[in-house]
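Have a look at these structures, which come just after this line.
What follows is chain A paired twice: with chain B in the first complex and chain C in the second.
And then the complex of A and B:
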């Protein structure tokens, strides 16, 4: 038996208060190029997943993958959006 | 006169059909570690922007920044979400 295909998107970003040098660099560069109204830039990553629902609990499997591999729980938060 | 602060998030991802070696690598690694139900992984980046609304057309300014600096229009799509 093959399961149905589910889609989910995982958004990973630095926790509030954790410095984001990449975002800061982008913000400074924009400002120097005349886009000074961009006061703050913070960066993040996302992952679009296609998952074969095979009976096991998808939500907990996604959570496992996020906390173990896709995000660093020490400095990052993640959010899962299922489609 | 100082304007009000607006927030927007820009999502940048590879166009459909453009190979995503990073996502493929993650998918293979997950599969080898027992997460074989994750059939496909595609990666993207996002940018959280804080913008001072100073009267100029914010939407077109964001579009400029996206197409010139945050995304590579040859291989990437971007989506703007205003909060």
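And then the complex of A and C:
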């Protein structure tokens, strides 16, 4: 028996205070292009997940995957949006 | 001494470690496939440099869940000597055997050149063959080598003397210019609390023969050999 299909998006970004050289470089480029009001850029990534929900606690399963694998809690925060 | 070098898909310094142990030191060495769980009774396990799984997700993040890693973690937790070089160091922080994390170089450039390192602690299984405060020359080749650690964890690391190697200039000064990646306190290599697990970004296995430009890395492996023979002698006594 297959469960219903759920979708979730996970956003991962570096914690505040952790250096983001890529974001810094993008900000510098923006400034050189004349967009000097963009004072800070922080980069991150997102993951679109399709999940077969078969009764088990889907929230805790997503949480587990995020903290164990998709994000490194030492340097990154994550946010889950379920659709 | 019997050394096991783990090969992950994308490892590219596994042969360098193998060649150094086998052809320079003339000791026993085996490749260990990442899908195996058998460490073949090796005395030292090396997690080599390279780009395991294409560095996808984060460097070392996927390799850290390879089947062999369960055995490697068990081995380390029971006191076995474990050396993670470059990508191997990244795996060690990812799996929590070593604290902190390795993030993008502050220059965002991939840095591939020789660096000078100060050997800060010689009372370890990995550095006992060096004279204290020696300056050595080893190659680096990485994009994510910026060692990040803060607060209490950093204080503990420093207080315990667990930083074995720091980036420095030719004279041994710990300068900003000699730090190739932005690492906290110029940290290039650290050990765990029990001092049996070393992670380092520079490549000692690529500096074991004169023809390669430096022999300064050889002493890491000679140190391990000496430490193991002491253990064996102590065991027999």
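Criterion: the second predicted complex is superposed on the first by the 83 of 83 C-alpha atoms of A that agree within 3 Å, B and C clash if a C-alpha of one lies under 4 Å from a C-alpha of the other, contacts with A are read in each partner's own complex, and residues count from 1 in each chain.
Operating definition for what follows: a residue touches a chain if its C-beta (ideal position, glycine included) is under 8 Å from a C-beta of that chain, and two chains touch if they have at least 3 such contacts.
Computed from a prediction, not measured in an experiment: that's the story for all the values here.
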{"item": "Touching partner for A:69 - first (chain B), second (chain C), both, neither", "value": "both"}
{"item": "First, second, both or neither for A:26, with chain B first and chain C second", "value": "first"}
{"item": "Partner chain(s) touched by A:11 [first = chain B, second = chain C, both, neither]", "value": "first"}
{"item": "Partner chain in contact with A:50 - chain B first, chain C second, else both or neither", "value": "first"}
{"item": "Touched chain A residues, chain B compared with chain C", "value": "B"}
{"item": "Common interface residues of chain A - those touching chain B in one complex and chain C in the other", "value": "69-70"}
{"item": "For the chain B and chain A complex, residues of the former touching the latter", "value": "3, 5, 11, 13, 23, 26, 29-30, 35, 37-54, 56, 58, 61, 64-65, 69-70"}
{"item": "Interfacial residue positions of chain A with respect to chain C in the complex", "value": "14, 17-22, 25, 69-70, 72, 74-75"}
{"item": "Interfacial residue positions of chain C with respect to chain A in the complex", "value": "57-58, 61, 65, 93-94, 99-101, 103-108, 146, 148, 150, 182"}
